[in-house]
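Look for chain A in each of the two complexes below; its partner is chain B in the first and chain C in the second.
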Partner chain A sequence: MAKVGAAVWIFILCALAACTNNPYPDADSGRSVLYRTMRKSPPKTLDPAVAYSVADHLVTGTVYDTLIDYDYLARPYRLIPGLVEAIPEEVEHGDGTWSLSFRLRPDLVYDTDECFELSRSGARSRPILASDIAFELMRLADPSVGSPVGAVFARIVGYAEFTKRLQALRDGDPAFEARRIDEQYREAGGVDGIRVRSDRDLEIVLSQSFPQLLYWFAMEFTTPVPWEAVVYYDGEDGRDVFSEHAVATGPFRLTRYEKRSRISLEPNSNWYGIRHPEWHAPGATYPTRGSQEDRSSGLLDPRYVGRPLPFLDGVELVFENEQIPGFNKFLQGYYDYSAIIEETFDQVVSEGGLTPGMEAMGVGLSKTPQAAVYYVGFNMDDPVVGRSGGDRSRLLRQAMSHAIDSEEFIRLFFSDRGIAAESPLPPSIFGSEEGEGNPFRRVDLDRARTLLAEAGYSRGIDPATGRPLKLSFTTGDTSARARLRYQFFVDSWRRIGIDVEIKSTNYNQFQDVLRRGAYQTFFFGWGADYPDPENFLFLLWGDLAKSKSGGANSANFDNPEYDALFLEMRNLPNGPERLAIIGRMLEILRVERPWIEIFTPEEYVLSHGWVRNLKSFGMSVPMLQYLDVDAPARTERRMAWNQPLEWPAWVLAALVVAAVIPGIVTFLRERQ
Partner chain B sequence: MEPHVFSNLVTTALFAGLMLALWGARRSLLWRNAGRELVRRRPISLAVVAAYALVAGLDSIAWTDPHDAVGEDQAVLLGVARTVVDRFFPADFQEASYSAPLADRELYGGEPLSHPGAHWLGTDIIGRDVFHRALKGARVALIIGGLTSLIVLPLALLVGVSAGYVGGRLDDAVFFVMSTLASMPSLLLLIALIMVLGVGTVQVCVALGVTGWVGLARLVRAETMKIRELEYIDAARVLGASELRIVWRHVVPNLMHLVVITFALLFSSLVLSEVVLSWLGIGIDGSWGRMIDQARTELSREPVIWWSLLTASIALFALILAVNQVADAVRDILDPRTAGERS
Partner chain C sequence: MIAYTVRRLAYGFATVLGVLTFLFALFFLYATPEDMARRALGEKAPPQALEQWIVNHDYHHPLLWNPDNPGQTLIVDHFRRMLTFDFGRSDADDVLVTRRLRKGVGPSLSLTVPLFVGGLFVSISLALFVATFRETYIDRAGVALCVFAMSVSILLYIIGGQFLIARVLRWFPISGFDPSPEVIGRFLVLPVFVGLAASFGEQVRFYRTVFVEETNRDYVRTARAKGCGDGRVMWHHVLRNAMIPIITRVVLAIPFLFTGSILLESFFAIPGLGSITVDAIHENDFATLRVMVFLGSLLFIVGQIATDICYTLADPRVRLE
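Right after this comes the complex of A and B.
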């Protein structure tokens, strides 16, 4: 009996001594693997034609490479060649068409994958061809793929016709739909304006000038996709579905994809940056130039500048259901970087910088304004707040704009992580400086009351009813936190005497209300697809009015002068001429007030001292290939921060013993 | 009609109805003795419940007042009614953001408050007085419990009595519906109903009612089957009373103790159900559940903000405890098996 007891004690002691809280295999501790959490949700899809959320892009942006990339350090954002040799320029032809010619780098190959068996027996990979990009562009036009951005490419000659022909063939013949997808596209005649000139040359012919198209070639929607992958990964016979399986063209490949727990990535040895470091291709080399600020924050470290990418041995993305435990693991050193969560904000940041406790841990903070804007919009079709009310409605909108204190809003709900907006353009976007000094975005309740009186609503009283003017505020989030935010606006308007009622719906119902047009004011946000002023100012373009065309202009703002300026601005390169036009457009918005611009969120990223080269990007482009970690330093810190605390185990053991002994005593006594 | 006038009328009608019911009960020896016994056994719990009811009642009586608009800085909309409870507090009783109980400065930033030391239980993130909100929650809780009971009790009585008294095919059909409803997880059914009906006080009460009537209907059905076979029913029938008269005069009054017990037990479970719904984001505005939901992340803030959560929880806890205590006593008193016991 005593022997058994001793053995148990020895076992417990050994277990305690070896006990650590490291959630990863010990063998990985020496490798420079980057650990981070997934975004709030796991990716929905890896199909590059469909993936559109930040969570999706974290993976698709890493495993799929694009024809054009962004410079890692340059701000404002700058495009650099990715899979292509050079960024093409739009060429205008005499016949009313424009074209762009892409030339792929030589010797580009896909990652090894069994799907290539379909094209040649025994094949495990094949070169990346221009026709693969054409295939992916046709997938965007294919209604059965359901790409959210299909409409963007409608300016390609023959794009809409292709969709119609394809649909007609499918409707006409059920057998057609059963055929291989690339054959279906070929049978439908392809898209007239997508011309594959050779294995490496692709020409896109446009019916209108479209300078922003280049930005779309910097997104994964236009990445080369082999038809073999789409055909092979159909979910039959134990094969994956294509939306869960990526054939890598980018710097990393997937080695494990369990999206509800863990996603593992390792460098893709078939990526051109790894196969051909001697090219020093701009998309596969750490940038050599950066701002003075980059230099002082260590982003131009000579150990990395000009070196071929990627630096990491792997990436682990872990899904954390709850934010607080995820953040605690960051504090223990088990995640390399983390966003800041609301609840622990004051523990981490004070007066715009890190708290001394965080600084002592060697944590770094990187802030970037996102390319996004949140706003309160007015429905311009509404008789009370909209255009048919003329001057009266305009004065009302101006008064309501004066009543909202964005600074206070950001302070209360985002702990100062944001920049008060005065125009639709966030600070990182060309032309945003023109929007500064908007007189109607100054908080001025007296002025608001004066304007309201001029509008005929003296002290907020609607003369028609003799009671406070009643407006509805349609919102798309029913969470407690969001309701408090909406209440803030309602309280602000109450101070000038207007009675605004929150109509709370969930996001789907909200979209539905916007479609049906039964709303007066609403709260909405926009995150840019690409950093061009066009991608914000189009939200108020009359042709895209929700009520007319179901477009993104939910305010239904329709101003002929603004529209004319917009069309002119859209096709201009960034320069003084464009700036002047943007200035005039913003002036119209300033006075007309279809929106009350609220704020641009700032992305705060915390990173440990062992993470190298982290610069937050402000758009959903992951850029993991530029990062590196100092694994030995990380291991050392983790050990220091996670000393096992033994006394609670002893106390617990003592309690267990104390609880058991009386039982044993009673048992022995009763047996006698 | 203005909403506050409607609310005033309903409140008055409810109060009158309550008085009438009490007066009616006084005439019956059984109810009079039961009432006296209840007051003797649970004086404190009854007082607590009465206090909640008083607050809810005062919060249901509102009027407009030309003096309400405070100066230039209108804290209250002109012509919008305020209740008696609202009038306990200054009209502009709002700060910019969080402040601790009885503090004279804001929690973050340390700006001086406009009402230093006056917020007994602090303020929430957009500066609303927590004590005021907690008081207003009483009305919401009583509406949830009361309105839903108004849906549940008649429905359950009608269905239970007709199934139990008529029997046969009708009984089979009713029992099938009841078994089907009872076999569905009620929370899922609730969520589905609210998704269909939309979020709002009436909708939530209807949803709670639809999922809540089965229990009482079963009891009533069984009790009716038992009463149906008793001699005095036969006697009434022999004397030529119509079936409706028998049900109304001889069956339903003998089910009332079940109704009272179920009402008391149902009430607290309904109020708690609303808290769960608030947690899922489909609760009722101004309820304690909503307050708890809004406050749940505040505990992990630094420094901790405990007052919203604690206030709402205590308000909820005290009401539920008191109601349960009363319900317990009511059951003991009215149930013939335990009626004789003294506690």
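Right after this comes the complex of A and C.
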């Protein structure tokens, strides 16, 4: 027994002696593999029809290529061809329909996968066909898939009818549901407006003009999906479910998908960019043009410009349950880039720049405004703050707008990581410059009090009750942190004499309150699906009013002039004409004040000096194929930063021995 | 003995039913199917998508009472599934729950088994050591150290361990897990060490009491009279005779090796069963959470019965009536 005990102690001591804090196998140190953490949670699903969170897109955006891509460097954002040869233009037909024609590049193939056995015995891959895109579009319409964006595609001719026919067939005959999914779609007659013209040609017929549809083809919802994968990966007999298994069409393929610990990716040798570097396809080579700013920040390095992608040997996405360990590993050089966490913000950033300690480590900081906006909205259906109150309500809204100090709000609650908003359009969106200089977003309490008096609420007193005007403020987050933020608005309004009461609920109840219409003011935000002003200005379009149609216009703003301008703006390409219309729309919002625009969050990303070509995108498109790392430099820094300090162990051991030995000696002496 | 076991099993069954009822009530008091759908689909999902999710995941049935078809309620489905071990798919990502359990059990065991075995050896040898030098300053310092170690929260050990050992001294990775044999060791040393630090105080105190009691017995005096040294007396005679309380503790602890360590796994990013439980709570994943709670309660009952039976095996004087 004593021997076993001794052996265990020796084992423990040996383990302590062979120590290193390197979390990766030593053999990997020379490879240019990018290491980063996953977002706050691991991906929920890899099914491209369903994946809709930043965490999901980090993987789906890397393994699935899209028909259309974004230019990596261009801002404002610019679309470039991806799997298609050219970006199609919408064609108007005389009969009240519009159409888009996509032509796939030649010789596109899927990554090798055993699911292709289903179509041909022994097959491990097959060409990417136009019918695979049609299949995926039908999946979006299929209620059993449960896509969150199915409704977007309702402007495709016959789309809603297909959903109904499919549902009716399933309800009518249980045997139908047991059939292969692609056969079910065929049986249901397909979607009239999705026409497969050849293996490489797909035509989409629309019942309304829909220029923004192109952006949806730059998202993974519309990526080609082989029916074999959906059928084969059903979770039975030890096979994965399709939501956990991706058949790659993009620059990387999954080699390990343990989403609660590690996700490993390696270049997909079947990707067209790797198979056909001679094409110099825009979506598969590093951009040759960029701004002066890109040039000065090293994003137009001649070693990369115009070269075929991807540059990395692999990508490792590691899941960190807790943020602090993840950030500490970044500081040790084991993650190549990192977000900044609240707890260590002051150690990293001071006065808007990096602290000297961070600079000495060669860390870089990039700040990117997100394509998102947070706002306080008024319910325009409400008699006190809304349209039926006429001038009086408008003056009240203007006064309340004057009272809110966005800069202070951002400083207090977001450590200055944000840009005060003056219009619904964030800075990276076309037309945002038209929103600058909004007089009603200047903090001016005197002016606010004057406006309030004009509205009939002198010093905030409601003449009907003789007491301060009482309003409710509905919010969708019950956490203590969020409550503090909401309290900021309440306190601001109290300074002009208005008594606003917070009504906190959880997010679902909040949505429910909005649906029922029992609210006066509320706090909400919007992150863009695609970088077009339409994707922000539609939030105030009368047709989408929550009370009328259950749409996204929670303020129930309904202004005929705005609506007419919106419809005109929606169908115009970016240019002076569109800019002028946007300017007029923003002017209406400025005066009418259905929203008090608060801020656009800024993403702060820290990266080590050995990371090449990193430019934050501001939307959830991962773009990992453009990145590279200087592996030898990284290894050198990691070695220098992570030399273990061993002497404290020996000192501690010596102290323990020194403390115990006299006792043992005395004990033994007394025993004799 | 058989009657006793049957009776205990019946109690156990009633306990499990109670746990399942309580879990159901607690969960649905706190969350609605809409909340679950919202969590699974994200903030932007439109109401139609939420409704579809609820139908696709069978949460559209009434909670407790369905006048049209009394069998089709959530609570009936809940009990039917658990009692037939038909665990279904996770609400968060549609993966079979049994598959997640299979994936999680390896990482959990690779943490809990070394922690358990190491904890046993470290505490028993330290307890023997201080028991040998009882009533000296070594013993008293040991008591002080143990009481101190017991009083500190495990969270402090975790955060302090990560800061001091991984960040300042840079001996081991701060967190993470990789099952490949080359690196798995370096990920486990720190959580095992932290787990030991958090638990040795209480264990050493317990075993020391047992050993000190044994050292006053007649057979110890006899052994000394025959010329046995201190080492042999303690490691050979005392340790063997102190086995009964040790076995009791050990057997009771074994079932919980499988449920993993929630805090350690969570902070050290070990993808074991403890992490699965925490994630299920965060993600409103009722399908996974109830399985973890159900299995936890089953293991607890099995552990209790096994302990009672071990008593009779280790000490013939104990009889189960």
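The rule we apply is simple: the second predicted complex is superposed on the first by the 631 of 672 C-alpha atoms of A that agree within 3 Å, B and C clash if a C-alpha of one lies under 4 Å from a C-alpha of the other, contacts with A are read in each partner's own complex, and residues count from 1 in each chain.
Simple rule for what comes next: contacts are C-beta pairs under 8 Å (C-beta built on N, C-alpha and C of every residue); 3 or more make two chains touch, one makes a residue touch a chain.
Keep in mind the model is a prediction, meaning the values are calculated, not measured.
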Exercise. Going by the touch definition up top, name the partner, chain B or chain C, that contacts more of chain A.
Key: C
Quiz item: Does chain B (first) or chain C (second) touch A:408, or do both, or does neither?
Solution: first
Quiz item: Between chain B (first) and chain C (second), which does A:504 come into contact with in this model arrangement: first, second, both, or neither?
Solution: first
Practice problem: Please indicate which partner A:255 is in contact with in the superposed arrangement: first for chain B, second for chain C, both, or neither. | Solution: neither
Quiz item: Is A:44 contacted by the first partner chain B, the second partner chain C, both or neither?
Solution: second
Exercise. Classify the contacts of A:53 with the two partner chains as first (chain B alone), second (chain C alone), both, or neither.
Key: second
Quiz item: Should A:491 be classified as contacting the first partner (chain B), the second (chain C), both, or neither?
Solution: first
Quiz item: Between chain B (first) and chain C (second), which, if any, makes contact with A:660: first, second, both or neither?
Solution: second
Quiz item: Where on chain A do the contacts from chain B and from chain C line up?
Solution: 324
Quiz item: Which residues of chain A touch chain C in their complex?
Solution: 1-2, 4-5, 8-9, 12, 15-16, 19-26, 41, 44-45, 50, 52-53, 143-144, 146-148, 150-151, 235, 241, 243-244, 258, 260-262, 318-322, 324-326, 328-329, 332, 334, 506-508, 511, 515, 527, 550, 642-645, 648-649, 659-660, 663-664, 666-667, 671
Quiz item: Once bound in the complex, which stretches of chain C touch chain A?
Solution: 32, 34-35, 38, 40-49, 52-53, 56, 89, 92-96, 103, 107, 117-118, 121-122, 124-125, 133, 136-138, 141, 159, 162, 166-178, 180, 182-183, 185-187, 189, 230-231, 235-236, 239, 266-271, 275-276, 278-279, 282-283
Quiz item: In their shared complex, at which residues does chain B touch chain A?
Solution: 69, 73-75, 77-80, 94, 96-97, 108-109, 124-126, 199, 278, 281-282, 290, 293-294, 296-297, 300-303
Practice problem: Within their complex, state which residues of chain A touch chain B. | Solution: 324, 342-347, 408, 411-413, 445, 459-461, 466-468, 478-481, 483-484, 487-488, 491, 494-499, 504
